[in-house]
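Data block below; observations after.
Note that the chains are named A, B, C, D, E and F in the order they appear, and that numbering of residues resets to 1 at the start of each chain.
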Amino acid sequence: MFYLKDVTIKRGLKTVFYNWSAKIENSKVTIISGKNGVGKSTLLRAIAGMIPIEKGIVKNNNNEIFKDQIKWGQNLIYIDSKNGLSKDLTVLENLKTWSEMRGWKTSNDDIQKALDSVEMLNHKNLYISQCSEGLKKRAALSRLYLSLLFNVEFWLLDEPTNELDQKSVILFNKLIQRFLENKGTVLLVCHELKLFDFNYELLNLDLLKK
Amino acid sequence: MNESFWIMQGYEIYIWPSYVLTLLSLGLLFVHSTKQSQKAKKLLKQLSKTKN
Amino acid sequence: MFDWLANPNRFNRITEKIQPCILFITIITLISGLYFGLFDSPKDYQQGDAVRIMYVHVPSAWLASFLYFSLAISCVFYLVWKHPLADLVSSSIAPIGALFSVLTLVTGSLWGKPMWGTWWVWDARLTSMLVLFFFYLGYILLSNAFERKIDGSKTASVLAIVGLINLPIVKFSVDWWHTLHQPASIIKIGGPSIDDKMLLPLILMIFALSFFSLYMIILNVKTKLIEKKCEALLLKSNLEEISKTG
Amino acid sequence: MSLQSSFIQIFISHIKREFLINFRSLVDVTSITSFMILIVTLFVLGIGPFEEKLRLISNGIFWIGLILAIIPSLEKTLQRDYENGWLDQAITSPTPMELVLLSKSLAYWLIVIIPLLISLPLFIILLNINLKLIPWLLISILVGGLSISLIGIIGSALTLGAKRGNILLPILIIPLIIPISIFGIGISEAVRINETPLDNLFLLIGFTLIYMVISPFISAFLIRIAISR
Amino acid sequence: MFYLKDVTIKRGLKTVFYNWSAKIENSKVTIISGKNGVGKSTLLRAIAGMIPIEKGIVKNNNNEIFKDQIKWGQNLIYIDSKNGLSKDLTVLENLKTWSEMRGWKTSNDDIQKALDSVEMLNHKNLYISQCSEGLKKRAALSRLYLSLLFNVEFWLLDEPTNELDQKSVILFNKLIQRFLENKGTVLLVCHELKLFDFNYELLNLDLLKK
Amino acid sequence: MSLQSSFIQIFISHIKREFLINFRSLVDVTSITSFMILIVTLFVLGIGPFEEKLRLISNGIFWIGLILAIIPSLEKTLQRDYENGWLDQAITSPTPMELVLLSKSLAYWLIVIIPLLISLPLFIILLNINLKLIPWLLISILVGGLSISLIGIIGSALTLGAKRGNILLPILIIPLIIPISIFGIGISEAVRINETPLDNLFLLIGFTLIYMVISPFISAFLIRIAISR
């Protein structure tokens, strides 16, 4: 069980969460929804460890996750609208350097398969600056496949389906399903719930924050 | 050819390199461009063959 | 005139004929220039044999400047009349001009060491030649810095033209700069009186290098025309494939 | 009454925008001056703080500082407006791009020049500048700063769409800046050795006028290319 | 009638459209759809005049639109995922400087209404760097309201609903409806057609480009 | 066999990434040298091209050129990695940020130093540098370049999160750089006047070692702040 208890999170001068608690079930998908500016991305970034939690506790299976940032980093993939791709590198190079940065020894075969899982194999030698928005997103999501091989436990995804076409949404659904089979936990921010064909818990911040 | 020609009042270490460098780079440029031109011609031939 | 030459076919036809002539003239003038320059010209009364460097240095300097002028003119043609051949001409000129400016700098340095006792001084000529080299370099780098050739050509052409306005001013202003400070401390090079016997190899070498450049430019333009044809063919077959397979 | 503004109004509104972005707080105003002071310090320390040496090169340092103060920040705003899509908005609007760019360079000129003029006394003390030079320095900073902005915007536009643009920029821009810096320094030097600085000043003004006319067109042409990628 | 005839559009070295033709009806919404990388954004940017059309004709009511770029600029609003907002300006300042750039004399009242039309009035003094993704998008879309006052004829919108919450999608729908009442033409790129409650023509590039 | 790479491997892979991004083509290699030559030209013209003057300040010019060659481009990559979210990826990974930053500064050092060392003869000719200075120059460029990179990354990290970062950067960074340039120039000057440059060299090395240890920690700390905004 993953839970946040009485957390206070600030963004700039604004207190976005104040003494706020929530539970997130492991090995399931939780979709975080809510209106613009309510704090969905803030919450995700806070859980990923990028925004400090001013007060309160965040625990995963009774371990305080921020005690050991490195270990938490091992367990987690975070992808948001910024994608984290260098525009001076190709799709392939981006994926490779990313996995090297995480200290993963991936074979070329794995990289190919990862690209294939989001149908980016044909585009692997495009520079990111030459990719359309949707292709960029897919290049970013190809990381998810790699993470399946390395026992990552959490996916934190901020509006991952935004620029995807219908086919890619299906591929994304497949990735999630494989991750669920591996007992992974997904935290997903999205405004459009109809896109998904798996069971999910809904965490509606509009209701919860009242 | 007498010796003083090659020695050139002790300026030979300046004069010969400047001539050699000039001629060498012009020569290299010439060879490179000619090669390039032949390569292009070959490619064109190949392409127009496969087209027909 | 330019329009008339700018037809690629006509260009090919005409140059086909004159190319051997140009090559012939180049070889003749080069050999005789070298002969007179190295064997049959007097020593300078001040510089002695070192003056022989002049026969490669000055023609290079002269050509570097002249080629830049041609480059800029051709860029104007390209930007104003949008003729693609003009771009091929400019991109053929640039590397040759860059080479000559490097040669000028190198042979000049080789001349400067025995004459001034130093490889380099920041005098107007040398500084403006250095700047000229950087305009060439800028042109070459910029024209290759874009994904689409045409964007690079346009952008680099702008640079070349702006450079044309700047170069005389650089040269003039550095000169001005010197006279402002103090009279030039170095020997005034290339005084008005120059021995006829020295003039002959100089002129021969200028001819040789000019015709050499002309030959190379024509050759490179032709190569580029062929490459363009190849690209068009490739593209066409690609597009046909696309429209067939869908 | 027309709902459409005149060119002058659009022009002023652009300058207002740049001021809003770049002149938000006192930090912005002081930072240019501080930057220049630090550059001067760096130079003076690099050269050794001996008065004779310093007097020889103070004009040079001043001009190089001016160039370094204007161009990088000008480049950055253009780059930023390109990346955040504001240039797309400008190009799909009824306002000519040339006008946008002219106002941008003028705005930059003002943004840099105003704090510099205010802090001129400081530089006079730091660099030990002769007092008879002050009026000339004022004019040459004013005119020279404008041409540096105008050239800076050409340079930034040149590299906007290029692959390794940020690395190319200095190579392209310094050769273009050299005449300006020579004329500018020439003015000060002429005054120092008691000659007339007028010819250098006229050259500087003439050059600036030329750039004033051509720079917006050239940069607009280049930016259209960058956007079309 | 707005039409493209035998157009060829390149992006970098890639020929995205080759001898391609399409018709777009005036005073209607046309949704451009298709898979990632097929050329939707390219098409929109080409119509907006940012990407040159190598060959072919683009005509609106028998006027070649690119003959007079300034006039075409008057008639058109283009918004894509880049938004075109300066992050060092507030939402209000961004909208104001934008309308001034277009040479529009807007009253403060108009600006307020424009912000209100996307419910950004409360956030008007936020710097863009402090806005969440959805708020940024809404700030960008507030321009649409202003354009209703100034007889703009075309809206070219590239995935405008991406980060919007459900409420904002409804507001966006309203804006479109008002524009249609003014006889405006909308070209809209979107992957998710269910979001809209107005009639639209569909231009599916996947089918058309074969 | 472990699937997890060691720190050294991660370190090397980071350096590889920077090289991939920044050393793509010949442009990148030549441009640093060209940039420095042009800076030198600009300075010399600013100062007046007289040999005695030049000899007095050639070391200063060289060091300022080095600083200007390293810091802006280093700053730009960090800024870019921040904006495109790559730093987010690095911070949510099992690799310590400190390691990432150390490799980034080392990579930058190599990227700038290699072309500069290759083109050192050019600078020796242009600036009329005494030949006996060469070995000292080599060492001091090597060591000094490293500390400039290390300081540069602190400065860039400082301004990442700041609202008006781009303007603040030079103000923050120049004071940190000044000691380095003083030691560096001190080495050359000492050789010139036939004194021992060793004390300056040791100071430079010591300073660099200190920065080598603290810079990654300080910058990682600053970047965490920047990301948390």
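In the analysis below, a contact is a pair of C-beta atoms (placed from the backbone, for glycine too) under 8 Å apart; a residue touches a chain by one contact, two chains touch by 3 or more.
What you are looking at is a predicted structure, and each value in this text was computed from that prediction instead of being measured.
Of all chains in the assembly, those touching chain B and also chain D are C. At the interface between chain A and chain E, over half of the residue numbers involved are used by both copies, so each side presents largely the same positions.
Of all chain pairs, the one linked by the most C-beta contacts is D-F. Separating the CA-averaged centres of chain B and chain C is a span of 16 Å. Separating the centre of chain A from that of chain E, both taken as means of CA atoms, is a distance of 30 Å.
One finds 44 Å separating the Cα centroids of chain A and chain D. Averaging C-alpha coordinates per chain places the centre of chain B 57 Å away from that of chain E. Residues of chain F in contact with two or more other chains: 24, 27, 31, 34, 38, 41, 45, 48, 163-164. Residues of chain B in contact with two or more other chains: none.
Residues of chain E found to touch two or more other chains are 11-12, 88. Considering their complex, residues 154, 158-159, 161-165, 168, 171-172, 174-176, 178-179, 182-183, 185-186, 189-190, 193, 195, 200, 203, 207, 210, 214, 218, 221-222, 225, 228-229 of chain D touch chain C. Remark: chain B residues 5, 8-9, 11, 14-15, 17-19, 21-22, 25-26, 29-30, 33-34, 36-37, 40-41, 43-44, 47-48, 50-51 touch chain C in the complex. Of all residues in chain C, those touching chain F in their complex are 109, 118-123, 127, 130-131, 134, 137, 141, 144-145, 174, 177-178, 181-182, 185.
Of all residues in chain D, only 2-5, 9-10, 13-14, 16-17, 20-21, 24, 80-81, 83-86, 88-96, 100, 227-229 touch chain E in the complex they form.
Residues of chain D touching chain F in their complex: 22, 24-25, 27-28, 31-32, 34-35, 38-39, 41-43, 45-48, 53, 56-57, 59-61, 63-64, 67-68, 72-73, 76, 163-164, 166-168, 170-171, 174-175, 177-178, 181-182, 185, 189.
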